[in-house]
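Since the structure comes first, as structure tokens, the remarks are kept for the end.
The chains carry the letters A, B, C and D, assigned in the order they are written, with residues numbered from 1 in each.
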């Protein structure tokens, strides 16, 4: 069963609480398991360029059902997967995109962008598991 | 001054209340005055095809600073502006997109899609003026 | 020989003088004979949505070496050229795009958008012939 | 307040003076603070391929509110932000794009392309501060 609006609001609430705690303005994109946006929110003062990065992170995580930094392993030059990053309209292979789980089951994907990579990862992680 | 997250949450709250009152699942897209998404929400069971319609309605209203049905007047065959609908990545000229005003000033744009056209218009209108 | 910067400045100057005389803020796009932008100018308060319309008007005129309203004849429903408006990334078939001539020879194309159609036509015409 | 036509003409004048001094034909793109073109000019003999580079430089600087070579730091392989360059329709991370300031305030963005990278940087810099 796919992410509901109520569930996405819970994800958003948890991620925003972490962003506010860290004090960094980010974009938070929440997708269902087939890559369609369920919720997007851009905090005040976030860079305009990070809207698309947040969406692409959620999309990349969805496309391969894994964290974006794990997809990034395949995008490293030494992985020699030439051009892989250009598929699917562009993959984003650094931390901040990951599955959202409830009871161990993937119900959607979250992508966060706007802070330093570890901050984005931390905020996405805060929204990645709901009860 | 452009729409803040707090203002967009007020817009979303008003529009969703109307959607729930009518009982129709829609997508609600809120943009700043230059066309960048501030908030997007897709209610459960809304058609996937209506996500992009909601976004393009908000975008069309922004591009010409007027309601989408007013832009639609220019898209009618008898207006003879052949091809106008294909500019700017595609215009949407029916009701459901309009400016968001506070104190008479445009602070952003809302686009709603998922219901019948009068329903979309009614829901967008509910979110189009905030205090 | 293709339009030079000096020639495009002359075209721009003539078109802007007419726009100021009429008192309508427009976008003026000037292309060479192969469709690459030479000059673009957006006057203050012109609708954002009209930037792309001006560019597409110049492009459409270039693609068929005629005025955009002449291309529009082929885009009318009764011309039955189904889908023609979707070719070349989108054609624009109403007045405001036309060749720029010097000594009877086409040296480039101009596209104007922002006013009513007859205003756009008038402004483009003002820039369409240089000495 | 966003860049006016008068201000953009001042920026263009300063940048072109530097380009003429150096003796290199370039494209100069000037955008407002949200990424919409205000002015574009292509000098005679500039490579066709550099029109889009100039526009994308201005856009990249806008998206992250910094010089393009600073964005380039995030695009280096060792920064490990795999795929970031493919977001937002393509980022350009080398010198020649930067904010335009007046009284210390960002009023728009300039992108220059056509010369060697240090030349583009020098020309953009000449247009980056106005009185």
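As a convention for this text, a contact is a pair of C-beta atoms (placed from the backbone, for glycine too) under 8 Å apart; a residue touches a chain by one contact, two chains touch by 3 or more.
These numbers come from a predicted model, not from an experiment.
Look at the contact of chain A with chain D and you find different residues on each copy: under half of the numbers used there are shared. For the pair chain C and chain D, the distance between C-alpha centroids works out to 25 Å. Chain C has its Cα centroid 43 Å from the Cα centroid of chain A. Measuring from the averaged C-alpha position of chain B to that of chain C gives a distance of 30 Å. Annotation for chain C: residues 48 touch two or more other chains. In terms of which chains touch, the assembly is arranged in some other way, matching none of the line, ring, star or all-to-all patterns.
The chain pairs satisfying the stated touch condition come to A-B, A-D, B-C, B-D, C-D.
Remark: chain D residues 34-35, 60, 62-65, 77, 80-84, 86-89, 91 touch chain A in the complex. Chain contact summary for the complex, chain B toward chain A: residues 4-5, 8, 36-44, 48, 51. Interface residues of chain D facing chain B in the complex, by the touch rule stated above, are 34-36.
Taken together, the chain C residues at the contact with chain B in this complex read 47-49, 52-53, 56, 60, 72, 75-77, 85-86, 90-94, 117.
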